[in-house]
Structures are given as structure tokens and as C-alpha cells.
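Next come two complexes, and both contain subunit A; in the first it sits with subunit B, in the second with subunit C.
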Partner chain A sequence: MPHSKAITRALLLIAISLYTAFSAGPFAWTAMLSFRTTSEISKAPYAWPETFRWQKYVEAWTGSNYDTYFVNSMVITVLAVLVTTVVGAMAAHCLARYRFRGNRLIYFIIFSTIIFPPQITIIALFQTLVDYGLYNSRVGLILVYVSVQLPLTVFLLEGFFARLPQDLFDAARMDGYSDAEIFWKITVPIGMPAIVTTVILNTVHIWNEFLYAVVLISDESKRTLPLGIQKFMGDQLEDIGMIATGMMIAVIPIVIVYAIFSEKLIQGMTAGAVK
Partner chain B sequence: MTDASVGRGAIRPLGRVFRISPDGPPLGTVMTFLTPALLVYLVFTAYPVLRTFYNSVHILHPRAADEYVGMQHYVQMTTADPTFWVAVKNTMIWAGFAPLLDVGIGLILAICLYAKAPFARFFRIAWFTPVLISYVVVGILWMWIYNFDWGILNGALRAVGLESWTRAWLGEPDTALVAVMVTHTWKWAGFNMVVCLAALSALPKEVLEAAELDNCNWFGKAWFVMIPMIRPTLVNLLILSLIGKMKIFDLVWIMTQGGPLWATETVSTYVYKRAFQWQTFDLGYPSAIAVFWFFVVLVAVMALKYAFRQRDRLEY
Partner chain C sequence: MAVVKLNGLSKRYAATAAPAVDNADLTIEDGEFMVFLGPSGCGKSTTLRMIAGLESITGGELTIDGARMNEVPAKDRDIAMVFQSYALYPHMTVFENLAFGLRRRGFDKAEIEQRVTKAAATLGLSEYLDRKPHALSGGQRQRVALGRAIVRNPKVFLLDEPLSNLDAALRVSTRAELIRQHRQLGTTMIYVTHDQIEAMTMGTRICIMNGGRIVQVGKPLEVYENPADTFVARFLGSPGMNLVPSTVIRSGGGYAVKFGGTDLVIPMPDITDDDVILGIRPEDISEDASEGSVSFQGNVDTVEPLGADTLLLFRVAEHDAVLTARVDRSFQAFPGQSVTLHINSPGIRLFDSRTKAALMRTEPEDA
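After this line comes the complex of A and B, so read on.
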């Protein structure tokens, strides 16, 4: 028996190693391409970089507008996440802590939009933003991102806030805390683990977002990284090396976030699906 | 302000939407906390949804008043637009097969890790990485993998002497849809794995130990014990995956733009094309498709929920 068990384990290990190659290999390959010039790549697409050409990153950054795309992505992501977090936490606190008529109805209405396909709003959002002069503006895109991320944020935070012990709030109330103070000094600090989870989750979603950006932004100077990469791909189809460098510029910040917060991130992405 | 203004019960009945509380908090407090979220919701979600419904029964002339046409768009869409039906067919194929693939692979991977594979933490993180990478990057990367001349797929086929199997995977109508589907599953299998793993880890150890005492092998344990016990999670994952496939846009747009010959056209890419690419300047027609599809997604989700409803809940 122990013999066959060893074989089973070996087979298992081979299978999961193969899957790992399938799952992580393409990404590792892109990382290698990003350090090689296109002429090197066309000679041997799968070779290890002979010399690591770091200057390609400088070149992409200064010569191919990636500095603009990166700054746009950064500003839009930071502001949209900030607004989503504050607005979402306030609403979640209210829905979790206050009993009033219509509480569950509001919760249900906000939550149910999670299953809406984006097509149902995208055309009218385009029209609406044009009407208000927010089309092709970073402010408009930020507001749209807030609205897109809000349901999930409220859902996750409400679930967490509702489980905080009521005694805390009763005690604060007796100490004469106002409603605003209860929110800022009790719910926010104690709810921080959940808030951090939603912040990371929203950051990844907004950083990677493509559909709303492609519909609502048209100026080169306002493009985010996903749009910039797509544009560069369209213009320089053959320049594999530089495209790979641009792709890495978009991926590296996410990898950093992942390296620091991998547990939190996985937890956030999967919250709600586990039952 | 009374104590009652802070909700007493953190645990609320889920079934009831309305709750009557005679000593509720002052309206002002509630409104202060809720107004920003409700405002964002009204302006950027509720109003656009209603406006899309309005669009769908009008022709929107760029420089003139909107013209009411009733159900004309819906009639045209269902009776006189073959491309629309191709898009529906492709999306349905995708939504029919891919969720099983996503959840199935995710479940198998999760069981592998649950079976105490070494380096489980490393594998879990490596398998989850594709989930975090943007569709634009994933799409371009896989266009290279599928490249006819130097893509690794054709390279591997040539290396093992299957030269005749090589093809331009994204360029041929027969294989393009499957190729994009594989890419999408590549991105999402890790997500399903992590959720399944979390559900498995939450199972009580005693049940699995009992199965072991009954001399149950791993396959038996997985099939007769684990899968039934994490069934609610699997159903959730299937529904999430289905919703994802029903609205799929990004990856298709990057990789094929619906081509070749509409082989990968999905409802989302078709709506986008009709609204923003064809120079028809009519947002009414694509809005009608969007409304139609909105109801299809709703019905599909409700049907799945109903079909997989738990008749006899397992308690553990």
C-alpha cells in the first residue's frame, strides 16, 4: 500500500506542477520579453534575456506616453477608491446600525445591481456624461467607477459592520458620542480589516478596468494604462518587446499589492461566494 | 436622541424588506449617511437604466427630437438581424460550457491542495495570479501564445510532430471562440480554486475522518462527501461564472473584436459595435439589445437559483 500511495502522490505533484506552468508560465514569459528587444525576441521568442535591458522601461515611460497613462491610472484609481470607501462605509454603517423603515429595501436595491450587465447602463451613461460635460473627463470616469464599485463595497462592509457587538455602540452613546463620532471613532477603526479588504479589491478592479474607460475617454492625454496598452498594441503591432514592457508597467503595481496583501486580497475577491 | 436610534439587533430577519420601528432614528441622521450613496446610485445607475429603457423604444436622431418607434427595434432585432442571433448563440455556448469548466477545474485544484500537497501556499498564490491581471494584458499575452508563426501552442505542436494541427487559432472561425474561452478560463480557474478551498477548509474534520474509516478513497471522498457538502458554494460559483460569461466584453474586444466572421461576437461586443463603432448614430437599437439581454441575464440567474435550490439542507 505505501508504495502505491507514493506513486499517487508523485502523480499529483506532477499534475499540479504542470498546471502551475500553465498558469504562471505565460506571465513569467512576458516578464522576460519585457527585458528583450524585439529583434532579439524574433530570433528566439522563448530564450532567457542575455542582457537585461532595463532602459526599455525608461524608454516606454518617457517615449511612449506610459508616464501619462500611469499617472492617469494612479490618480483615477486613488480618487475613485477613496470616494467609494467613504461613501460605501457611510451607507454600510447606516444600513447595519440604524433601524428604519425601508432599510432592507435600500440594501436590496443597491445590492441587486451587482448582477446587472454593464451594457444596461453603458450607452445611457455615455449620453448622460455628454449632457453634463463629463464625457472624456477623468472626473466623469471616477464617478462612474464609484457607482460601479459601490454595491460590492456596501455589501462587504455591511456584512462586517452588522456583526460588530452592539454593546460598543451603546457604550459610546452613553458617553455622549454623536452619530458622526460613532461612525468615525467606533465603526471605522474597528471595521478597518473589512475596509482594507474592500480598498484592495476596488484598487485591483479599477486599475484593470477597460470597458467604461474605452467608452468614456477619448483623449490620448486622459487614457488609463489598459487603454494606453491597447492603443500602443494597435499602433505598433510588431513591436513585441515594447508592448511587453508596457504590459509589465501595468502589472507591476498589482504584483506589489498582491505581494504585500495576498491573504487579504484573496479573502476580498472571494468574500460572498463562500457559503 | 434616544438609545433606540442605534439599531438594537445586529441580526435582522432577512426575509422582510420593510421593518417598522416606531422609535426609529431621526430621518436626518439616516439621510446624512445614506444620501451620498443614494445620489451616486440614482445618477449613475438608476437613471442610466431607465434611460436605456427609454432609448430602446426610440430612434435617437443626433440633431433632432427623439422619435418614438414602439417595439420596432425589438422586432428588427429578433426577426431581421442574423448577427444578433450569432452573438446570442456564441454567448450562450460560452455561458453554457465555460462555467462548468471554470468551476470543475477550480474544484479539482482545490481538492489537490486540500489533499495536503506540499508547497500548497505557493501553488495557491501562483494559481490565483491570473485573476489579478487586466484583460488587456491577458488578451495580448494569449494572442502571442496563439500566434501562428512563433506562438508556443503551435511551437509545441511542431515539436511533437503534429505540424498538421497547427493553425492560426484566433484567425479561423472554427477555433477562435474556443481559443478565447480557454483564455478566459485560464484567468478565472484560480478564483474558483480559492473559493472551493475556503469552503473545503470550513468543513468539519469528523465527517472526512469518518469517510476514511469507511475505507473511502480520495475519489470517493471527493465525490460522495466533499462535493455534496460544499454544494451551495459550487452553485454560487456557477452563477457568478455564468453572469461573468453573459456580459463578457473585454477579452473578446482585445483578442478578436468579435471576428473572424462573427465567430466570437458576443452580445456585449455587438452592443458596443452598434453603439460606438458603426457610424449610425442611433443609440436606440443597441439599447434595445441591452434591455433584452438584461432580462435574459435576470431570468438565467433566477432559473439557476431555482434549479439548484437546496431541497433538504445539509446541516453540519
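After this line comes the complex of A and C, so read on.
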């Protein structure tokens, strides 16, 4: 049946192409807009850039505090992801490896916090941060991000770690290693595909996060990129071209992170094959 | 130099559950190759893991060379273990797998290098040192697992069914390799298996377990010839010992037991109970008469030629179970045929019908 096979293949290709256009199209369009001026755009919204106006990137960066936002985003994301990963992996390791009273109860409580939408907790969170003097501080925002991202991280890693054979850990104990050393020398390297997966998910999420940032930060000098883009919209509502440039600057680091780690990410998603 | 001693060692996984290991008493001498043998779930692995320090001890005491070990963590017991699943670290090369335990114990680089190279050479692993475990065959992985224990030169080796994932041919050669290693190293080894051929061929002594209890300990052949109870009698040997309920007849000063319409006269100590269980190994029943043998009539049920010899399944009068005899491979018979068979009377064993314990044993062995 070579004929029907070809048809199936063609249908599949069409479906995939449509999906790709749907998801990548807006991104490509914004990328094009970022090289054009607003007047060029209003004449022909979908046209290919006649001249690539790289200097728009320089303008956006220098003219609108982007350097500050970018550094803030970078510092907050890196630190929050680092803490989330280390604490989350340790918690997942404990929940997956040790039999103790209340193990499943703790697991359930951690996991159940996933279902609350951020809007529900934000007022209480705001008040708590004010009480502890952490309102309008980058440390406060990092702590919030860590606690928000932790449940999903623990959930994903616990699922992966629990499938590692217990004998590996027993063998390491017989080889003389302490519990902490076993975590670093066995769980972490073997669980790397899963850990990388959570690193990417958390990085993307925190980098793009808007709601907590807008509520918990008020100083211009402490704002992150998503707030910066918003400010753009408020100040220069007409300037579509500049907004596109600002968005591209915000998105590029994520694309780079993803490109570097995507292979590991796929490994992590198809994981469980540790024999 | 290491004597491992179990004093009433017990393990309960949950306070309410039946103990997985129940009051085990055993002394494993220095340099001995002790085999734990028993059916699945009888507590062999649990006992081994308590000795290793991987499982907490909930009752009794464990000592190594006289020192109490109950509270000593696994890493300080100087014991190496080979796991059934091999448990090789998947992210390390063979070299790193072998060196992992030495690194932690602070050996310098040259010493590690030298020990690993030596162990790899004895086990034929030299050319695989740079490979990761996933790129090795089952037999090679097994040797790496063994090597990981050997390089550490521990006081005691523990092996939990290390051959059960190998194919038959490899199992035979690895068995020989293990015996050779034990002879060379002279280290105390404790070996868990449910394969009786491994137990018989490898063990200096074997320790038979059932339902969490140690049933019998002794040299393989002694245990085979003088099983402590009907469980051991059935469990050892394939097929196991024939067991037939019978009655004792007192005639004058002697005793006899009824079997298949004949009276078997046996020398034996005082018997208080008249109901006994008669045990006869299949190889003690033959188609040829020999000196001192007693003959009886059997009714052929099935003939199973195994090649080297033949199993004859038959019935006797007044008993409804099928019994087994190991006869010469030239033996031929058809189902339903009546044949005369002969029992080699020194092979007859008696068991108490109530306690199932052996009544008469030529060389009593203390468990």
C-alpha cells in the first residue's frame, strides 16, 4: 500500500506545518517587526524588513533602562533557579529514598499547593513580605519564586528519582559514602536529564513572570524585563516597532538556554531508561 | 580474619507483621564460604542486608570478630557486597566503578590505579576499563560487580544471588571463577542463592532457611544425607526425598516400619510415637538388588528418561502419592506395569509425624 502511505505522510506533514506556523509564526513576525520602524510597519504590517535596523536594539538597550532590567532579570532568575534546583532535588531525593513517618503526607501537601492560582495567594504574600521587610527587594522576589516553583520541581524530580534502583544507593553506602555524598555523587549525576528539564522549565517561567514582579517590586532600579516591556507600552503606546525590539531582547536569552539544553530536555522527558 | 556471629538476629519490618527473620543463631567462621539457601521470601536477603548494615536490626545481636555491629553504619563495617542487579554506577566507567569505593577510603592515586589494574586483570576486564556499564555484556557486568568488591579487600564478602541473571553456561564458568577467587583471597564469604547446585558445589557449609528461621546448618553432603526435618528433605535434591507416612511395628527387641506391603527392619533409637514419616532418596531406590537391600512391589506411573539416568515414578500399596526412584538409563517399563524395586536400607530416614523433625540421624549435626 505505498499509495495510502504517501497520503498519510502528506497529511501528517500538513498538520505539523500548520502547527509550526501557528506556534512559531507570531515569534517570527515579532522578530521581523523588531528590525523595522513603526512608520514602516504601519504601511505594510507583514512585509519583510527592507533594511535591518540594528540600531533599534542599541536604542532600546540604552534609552529605556533595559540594561538595568536585564541585569535584574538575570540575577533573580539565576539565583532563584539555582536555589529551587538544589533544594528541590534534595527534597525529592529524601521523599523518594527514605522511608519515614509522614513521607507521603509531606509529598501530598507540597504537591497540593500547585493547584492554587497565584491570584489567591498574592495578597497574603504581599503582606508577609511587607512584615518581614522583604517588600520591594530582589531577595524577597527570589524567595517567592523559589517557593512558587518548588512544588512542581519536587514533583517532577521525585517521580524520576523514585525509579532509580535502590541497589545503586545501597552499593554506594557499602562503598563508604555518606547520605549527603550519595546525593551529590549518585542521584545528581544520574538524575541530570530530569534536573535539566526542571532547570529549563523554571528558567522560562521565572524569566517571563509578571504578576508577582509587578505587585512585589516598586522601584524602577529593581524591575525585571517583563515590567520593562510593560513600561514601554505605557510610555510610547504608538511605538509598536520599539515594543517588538524590547520583546526580542527579553526572549533571546531563553532561546539560547533552550538551544543549549534541548537535547538534555528531550532525554529527560523520555527518561526512566536508567538500568 | 573475620568471624561473623548472629545471636538471635531478628527483623520485623512492621511491628505487627510476622518477622522476616526470626531469631537466627549462626557463627560463620573465618575464611568460610557460607551459603544461605531457601525458598523465595524466606529471609535470606534480609539476613544478608542486616549483616551488611543496609537494614536495621530489630532484635538480637550481630558481631564481627567479637565486636558488636548493630549500631555500626554500613560504611564502617568493612564489608563488600555484590548485588543481584549488579548495581553498577551507570554514569561511571568500569575503572571509576572499581575505584569509587577506594577513593572514599582515601587511598592515593597510585595505589588505586594499581589495585584496579590488578583486579581487572584477574577478572579479564583490562580492555573494558574505559567503557560505561551499558556497553558491557551481562557476564562482563557481573565481573565488574565482583571486581568492585575485590578491590576493596574487605573483611567479609556478601553476595546476593550474583549469578541468577546469567545464562546457564556462563553461570557454570562464573561459579568456578568465584570458587577460585575464594580460595585465593581466603576471605569470609556469605552467599545467598536459591539454586541448590550452587549451594552444594560452592559452600563450605550451607545454612537452610525457611519462613524466616534457620532450619539446618552443615556441610552440604551432611545436610543432604541427614536432613533435619521434612522441609529440608524435600527442598534439597531434585526431585526431593520421598516422604511416606508409616507406622512403627515393635517386634521383640527390634523395630520395623511398614512400607508398600513390606516391613522394613531398621536399627534406631527409642521411638515413643508409633506414627512416623519415612524418607527415602530417589537414588536409594533401585531396580537392582544390592547387599542388605529390601525389596518391594511398585506400580509404574511414568518413566522420565533424563539422559544420564531415568526417573521412575511409581505407586505402592496403601499409599496414594506418587514416589520417585532414580534408576539406570537402560531401565524400561510401561505405565501400569508391576516392578520389583529395592531400597538401600542405610538410606532410610525417619521423621516425627507431628514435629516433622528427624528421628534418626547417623551423624547428628548441631544447627
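Just so it is clear, the second predicted complex is superposed on the first by the 234 of 275 C-alpha atoms of A that agree within 3 Å, B and C clash if a C-alpha of one lies under 4 Å from a C-alpha of the other, contacts with A are read in each partner's own complex, and residues count from 1 in each chain.
Convention: contacts are C-beta pairs under 8 Å (C-beta built on N, C-alpha and C of every residue); 3 or more make two chains touch, one makes a residue touch a chain.
Remember, predicted model here, so these are calculated numbers, not experimental data.
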First, second, both or neither for A:Phe52, with subunit B first and subunit C second: neither
Touched subunit A residues, subunit B compared with subunit C: B
Which superposed partner A:Ile190 touches (first subunit B, second subunit C, both, neither): second
Touched partner set for A:Phe116, first subunit B, second subunit C, both or neither: first
First, second, both or neither for A:Arg173, with subunit B first and subunit C second: both
Contact residues common to both interfaces of subunit A (with subunit B and with subunit C): 165, 170, 173, 274-275
Touch list for subunit A against partner subunit C, complex: 165, 167-168, 170-178, 181, 186, 189-190, 274-275
Complex interface listing, subunit A residues touching subunit B: 8, 12-13, 15-16, 19-20, 22-24, 26-27, 29-30, 42, 45-46, 86-88, 90-91, 93-106, 108-110, 113, 115-128, 143-144, 146-147, 150, 154, 162-166, 169-170, 173, 179-180, 182-183, 204, 207-211, 214-215, 225-226, 229-230, 233, 240, 243, 247, 250-251, 254-255, 258, 262, 265-266, 269-270, 273-275
Of subunit B, residues touching subunit A in the complex: 1, 3-12, 14, 16-21, 24-25, 27, 29-30, 32-34, 36-38, 40-41, 43-45, 47-52, 55, 109, 112-113, 115, 117-118, 123-137, 140-142, 144-145, 150, 152, 155, 186, 189-191, 194-195, 198-199, 202, 218, 232-233, 236-237, 240, 243, 246-247, 249-250, 253-254, 267-268, 271-272, 275-276, 283, 286-287, 289-291, 293-294, 297-298, 301
Subunit A-touching residues of subunit C, taken from the complex the two chains share: 49, 52-54, 74-75, 79-81, 83-87, 89-91, 100-101, 104-105, 134, 148, 152
